[in-house]
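Each of the next two complexes has subunit A plus one other chain: subunit B in the first, subunit C in the second.
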Partner chain A sequence: MGFYFAQLLTGLANASSLFLIACGLSIIFGVTRIVNFAHGSFYMVGAYLAYTLVTTLPAGIFGFWFSVIAAALIVGVVGLIIEVTILRRIYHAPELFQLVATFGVVLIFQDGVLAIWGAEDLLGPRAPGLDRAVRIMGEPIPEYDLALILIGPLVLAGIWLLFHRTRWGVLVRAATQDRDMVDALGVNQAWLFSGVFVLGAALAGLGGALQIPREAASLQMDLSVIGEAFVVVVIGGMGSVAGAFVAAVLISVLNAFAILIFPQISIVLPFVVMAVVLIVRPYGLFGKPGSEHGGAAEPEQPLRLMSSQGAMVLAALVFALALSPAVVSEFSSILLVDVMVATLFAVSLHFMMGLGGMVSFGHAAYFGVGAYAAAMTVSFLGFGMLPAMAAGPLAAAAAALFFGWFCVRLSGVYLAMLTLAAAQILWGVVFQWQDVTGGDDGILGVWPPEWASDDRVFFYVAFVACIGGIWLLRRVAHAPFGYGLRGIRDSELRAEALGMDVKLHQWMGFALAGAFAGLAGAVFAFSKGSVFPDALSIAQSVDGLMMVLLGGIHALAGPIFGAGVFVLIEDWVSRLDYWRFIFGAIILVVVLLAPDGVAGGVERLLRVLGLRRGDAA
Partner chain B sequence: MLEVVNLTARYGRAQILNGVTLTLAQHEVVALLGRNGAGKTTTMKCIMGLVEKKAGEIRYDGRSLMKLPPHMICRVGLGYVPEERRIFPDLTVEENLEVGRRPPRADAPEWTEDHLFELFPNLAERRRNLGKQLSGGEQQMLTIARTLMGNPRAVLLDEPSEGIAPVIVEQMAKVITELKNEGLSVLLSEQNLHFARAVSDRAIIIEKGALRFEGSFAELDDRPEISQQYLAV
Partner chain C sequence: MRMIRRKILGALAALPMLGLLPHGVQAQDKIVLGEINSYTRLPAFTEPYKKGWTLAVEEINAAGGINGAMLEVISRDDTGDPATAIRIAEELTTKEGAVMLFGTFLSNIGLAVADFAKQKEVLFLASEPLSDAIVWSKGNKYTYRLRPSTHMQAAMLAEQAAKLGKKRWATVAPNYAYGKDAVAAFKAELTKLQPDVEWVEEQWPPVFKIDAGSTVRALEAAKPDAIYNVTFGGDLAKFVREGSLRFLFEDRAVVSLLTGEPEYLDPLGGEAPEGWIVTGYPAVQIETEEHMAFMEAYEARWGEVPKTGSIVGYNSVLAIKAALEKAGSTDTEALLAAMEGLEVPTSPTGPFMFRAADHQSTMGAYVGLTAREDGRGHMVDWSYADGADYLPSEEDAAKMRPAE
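This part shows the complex of A and B:
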């Protein structure tokens, strides 16, 4: 009995720090509608700062708690700088574009922390005065855990008072419901947003700082915590602080007991819980459907068939690409295969995001399933490359049909989060099911057959698969099925009133996007000769998102630009020291210069140069 | 006090305003009339800075509002009461009023919560209720009270009689008269000619985003073809 009670207390202690980071994320989303990927970075910086302060200041109770608070405040200031210099400029960009900027910040922080604190994990000293264990029902419980269990509800109460008993809090809550109205009543939203961002960042910093006696500060902290924090926010309901608390307790306590029964479940458990909660309650436990007066919604421009000049330029580019193996080096032709794979992946994601209005944070799931299906067809069934390349998209379509059925029942960020959950569950299965997938060791020896083993020949195989896939998806975009998807994106009610089966249509769109991601994955498997669980990772999903959003979500050419730019820049900078910093900085520059993506930026440039007739104000 | 000259605006590619011109003098109630889609709401949103303007001029006491964000436009003394009762549904009545509160100004009457509860007795009874728990009429009263908390000199009232019970419409007419007596100016957008006539000093009619008539209600009555052409449905 005592043992189980001790597990419960451990779960509750974990819940506190998870709550601190998740509630900041939730508050920021509720008011600014920004999905802040950099929130994990705030957590990490909070931990490192606290480590430095604690080890520099004189030891003692005062020194320790002063360090923790100071670390949180410094992170708050860092948040303020980021909000004022970057995010404030792009609030009016299309929804989710801010996510690209926060991802740039993640990269910059990863290298920034590496440069300042080095690659070693840093374990802080125990908290003075709370460095022993007390026996409760015969089990030793660290005093510090008990302190954490108290801190969580205290912070929750503090935030509740702030939001319900101060004018600032009332304004913040009003802004989550109707931003324009708050503005028209004379409140400067810019400073309201800054304040909210600072509060959220400081809470994440506090969460990180409080962890140092329990867990070493490491460079992986940022991304390892962000996934779980998102899950907590979504389970609780985006924007709900109390929801974040309940969800943090739920996840942490379930986790504390689940690892006793089935240790492998630990890495997928939060995502399974999230999937279950979202299927039962589509807006989380305490969430509400988003306000229609929330964000800036620009009416989409209709898609135009490409002008004849545009078609000629595109045809020339494809032709040049087709001839490139004869001209460029072998290395470049391998790089071009990477570009084509990334482009097909990005175009398939754009198909569901841009045309279908279904944002996916887990599109890598179908890329990875395609890659694994192709690899397993070769290594287990002994088939050749071409059947394997057909198996990839089929398996991905099957996976997308399965998960898509649940996802299309949700909308907006909740849908995106369920796709993330699906991807993480699949990743967990692949990672842990050693006997079938090889686990972390992956599947090796997935090479093309003799006739296609030459890099130049394989280039043409990839060319046919990828360019063919992209062409097909563009055909579908301009076919009645594509019109239907866009109609549903713009108004689900009106599409329904026209007699469309909205969910079925979205489901099929989801599956189609998944199938083509699977095709990209299959080509990828053969171009690398191996597959690892990374193919389904959050990082791979985020890469796809970056390509689509950087390219410009409103243009069919967007993902093509985005993927090309992304892969080429990444290839170039990843040879440099501190390439993440450089890459992040490049992303921020693009975001600030072209808030409508690269495609939009190019369009505007053409217009300025007088090459295209402008139709905007 | 408020002058709008040749204002044009658009949503995307659709031209919504095509040269709207109007004035609002101190202590005056002006009705902005027109059919659904004529551009009444867009005119008000433009004045408040909530819709991007293309060309023209909006002046308040001689100062241009064209480049100001909504909160700065509010701070010069213009209050905005949107259509469709955009209260904050998850805030209490008192909290809704708190959001609207601004410091008093020398050139406009000062409103306190108590004074507003006298003017809107229904709200007083429901001060701790959430906005979404109010009836449609109460919500409409709350939007007006919330804007008055900002102590405006002039109020833009967008279709206050739309979709509420006749008895509340009557109450609304009293409120508008009270505002005028307190010394406020009101620009009122309406489709209900009867209601507009009861509370306004003069009328402006727009159609397809452009001015079609400006004058007193007596003049409007002398030219029935105008109401026939621009207002009849």
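This part shows the complex of A and C:
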């Protein structure tokens, strides 16, 4: 009995630290609608700052708690600077575009922290006065765990008081419900948003600072926590702080007990819980309908067919690409294959997001399934490359049909998070099921056959698959099916009134996007010769997301620009020291110069140069 | 005027294309080596490694290079992603003219590059990855590995563990290939030496995401006599802190893989565990002539004490030097022939060789106990375990490799 009670307390202590990170994220999303990737970075910086303060200031109870509070406040100031200099300028960009900016911030912080604090993990002292364990029912419980169990609910109560008992809090809650109405009533939204962002950042910093007595400050902290923080926010319901608390308790306590029975479960447990919650309650435990969408976006321009000049330019470019192996070096052909694979992947994601209005945070699932299906067709069934390349998209389509059926029942951020859960569960299966998938040792020896082993020949194989795939998706966008998808995206209600089967349409769109991601994955497998679980990782999904958003979600050419720019810049910049800092800075510059993405920026540039008539706003 | 401007603009616009053109002829008086590692993903482990190989290259070049040719290492960051590593490997071999590849830390990247080496027929010396698969189940003709593998280090520990005579063992290891291999190898070796051993609990926390409190309690609940630990880095710090808070290590023997390496022991500072049996690298205490010379040069060059990565990086280049000298050419076939049974007679850790049968080097590791002094952890009662003593016989090892 005592054992289980102690295990419960351990889970509750973890829940408190998870809640502290997640509540800031939830508050920021609730008001500003920013999906803040940089939240993990705030958490990490909070931990490092607290480490420095704790070890510099005189040791003692006062010094410790002063350091924790000071670290949180400094992180709040850092948040303020980021909000004022970057995010404030792009609130009116298309939905989720701010995510790209926060991704740039993540990269800059990673190298910034490395430059300031160095590569070695920094283990701070234990909390003075709370550095022992007490016996409860005969079981040792660290005093600091008990303190954390108290701090979580205290912070929750503080936030509740702030939101319900102060004028500022009332305005924040009003803004959560209807930003435009608050604006119309004459409230200065800019400062309201800044205040909320600072509060959220400071809470993340506090969460990080409070970790110092439990773990070493390390460079992996940011990314290791961000996934779970999002999961907690979504399970609780976006924007609901109390929901985040309940979700944090749910996940942490479940984990504490689950590892007693099935130790391997930790990898996927949060995502399984999230998937189950979202299937049963589409808005999370405490979320309200309508909490899933970002700010009001400008209505999109209808897609137009290309002018004949445009088509000629495009044809010339494709032609030049087709001829390139004769001119450029062998390695450039290899790099161009990578660009083409990334482009097909980005175009398939854009098909879902841009045309279908279904944001996916887990598109890598289908890329990875395609890659694994191709690799396994070769290594287990002994088939050649071409049948394997056909197996890739088929398997991906099957996976997309399965997961898509659940996903299309949701919308907005909840849909996106369910796709993420699907991807993480698939990743967990691939990672764990060593006998079949090879686990993280992957599947090796998936090289093209003799006739295609020359890099230039393989270039043409990839060319046919990728450019063909991109062309097909473009074709579908202009076909009745594509019109239907866009109609549903713009107004589900009207589409339904016209007699369209909305869910079926979206489901098929989801599956089609998955199939083409799978094709990209199959080409990828043969170009690299091996497949690892990284192909379905969050990082791969995020790369795709960045390409689509950076390129410009409103233009069909967007993902093509985005993928090209992303792959080529990363390839070039990763030769330099501190390249993540440079890469992040480049992303921020692009974000600030072209809040409508690269495609939008190019469009405006052409218009300014008088090369294109400005008939669109 | 307008034409000129167009031409200039055109030329400027074409500038980036220069990078796409095939590179010029390589100068004959240098040998280019391609190096790949996870510099941004795992700087704590790869920075000392980079300093190690840099020092070796500088020393070799200062002494006149290899048969008059200077060594040049082109080093790239794989960003922790195997696909990126493959792209870089392609670039290093096709564009930069690298005669061979070396490096990598993460096992999956090591395996990906090894497979690339097999496909593209280029020599690859896997410096740091520990995975047994690289030389055994997925070994190939073109891949050699320097560092003592998971199996070897686990066997070194099992030998010491058997002397304890503890019966009930629990294991805790990160849930991925390295952790699984390390546990499997330790179980097999210890069971061989001590057939009555019982395995009462195993914990598999996700790597770098350990829920230390719950894990410690789960181990405690099984009441083991001894614990075998494979967690490292941030996970290790959390595990040690939660474990000592909750008295997990009281009256229990702990055997821990790699924990004696400065990369893992130093960050623990004043909380470094005492009396754990570990593999590692007690840099400042090794007083062989070769090691003293290495250490002095390293400290003079970098102003710090070498770590495990430093010695791995340094020995990698020593091995490559020996191979190039033995081969007398940079031709891959000649290099492969040279690598078979290649002897490296002097190195800071002593002589080692590359076994022809399974391409594993016999470089060893230091086995000892952890201790704490002046708020820092270090190793005591250590001895050097020669890798050759902890490898299966060459015949048995060859059987584990796929048919060529």
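The rule is simple: the second predicted complex is superposed on the first by the 611 of 617 C-alpha atoms of A that agree within 3 Å, B and C clash if a C-alpha of one lies under 4 Å from a C-alpha of the other, contacts with A are read in each partner's own complex, and residues count from 1 in each chain.
Convention: contacts are C-beta pairs under 8 Å (C-beta built on N, C-alpha and C of every residue); 3 or more make two chains touch, one makes a residue touch a chain.
The structure displayed is predicted, hence computed values, not measured ones.
S.K.: Does the superposition put A:Asp183 against subunit B (first), subunit C (second), both, or neither?
M.R.: first
S.K.: Which of the two partners, first being subunit B and second being subunit C, lies in contact with A:Leu512: first, second, both, or neither?
M.R.: A:Leu512 sits against neither subunit B nor subunit C.
S.K.: Which chain, subunit B or subunit C, ends up touching more residues of subunit A in the combined arrangement?
M.R.: Partner with more touched residues of subunit A: C.
S.K.: If you stack the two complexes on chain A, which partner ends up touching A:Leu114: first (subunit B), second (subunit C), both, or neither?
M.R.: In the superposed model, A:Leu114 contacts subunit C only, not subunit B.
S.K.: After the superposition on A, what does A:Pro263 contact: first (subunit B), second (subunit C), both or neither?
M.R.: The answer is second: A:Pro263 touches subunit C but not subunit B.
S.K.: Looking at the overlay, what does A:Asn255 touch: subunit B (first), subunit C (second), both, or neither?
M.R.: A:Asn255 contacts subunit C only, not subunit B.
S.K.: If we overlay the two complexes on their shared chain A, which of subunit B and subunit C does A:Leu171 touch? Say first, second, both or neither.
M.R.: Touch partner of A:Leu171: subunit B, not subunit C.
S.K.: Identify the overlap between the subunit B-contacting and the subunit C-contacting residues of subunit A.
M.R.: On subunit A, the subunit B and subunit C contacts do not overlap at all.
S.K.: Flag every residue of subunit B that touches subunit A in the complex, lowest number first.
M.R.: On the subunit B side, the touching residues are 10-13, 48-50, 52, 54, 69-71, 73-75, 80, 82, 86, 88-91, 95-96, 98-102, 146-147, 150.
S.K.: Provide the residue numbers of subunit A that touch subunit B in the complex, in ascending order.
M.R.: Subunit A residues touching subunit B: 167, 170-171, 173-174, 177-178, 180-189, 288, 293, 298-299, 301, 615, 617.
S.K.: Inside the complex, what are the residues of subunit C that reach subunit A?
M.R.: 17, 19-23, 40, 43-44, 47, 76-77, 79, 81-84, 86-87, 90-91, 94-95, 107-108, 111-112, 114-116, 118-119, 131, 133, 138, 175-177, 180, 202-206, 208-209, 211-215, 217-218, 221, 233-234, 237-238, 241-242, 245-247, 263, 266-269, 271
S.K.: Going by the contact rule at the top, pick out the subunit A residues touching subunit C in the complex.
M.R.: Subunit A residues touching subunit C: 3, 6-7, 10-11, 13-14, 110-111, 114, 119-123, 126, 132-133, 140, 142, 145, 214-216, 218-221, 224, 252, 255-256, 259-260, 263-264, 266-267, 327-332, 334-335, 338, 431-432, 434, 439-442, 444-445, 447, 453, 455, 524, 528-530, 532, 534-535, 539, 571, 574-575, 579-580.
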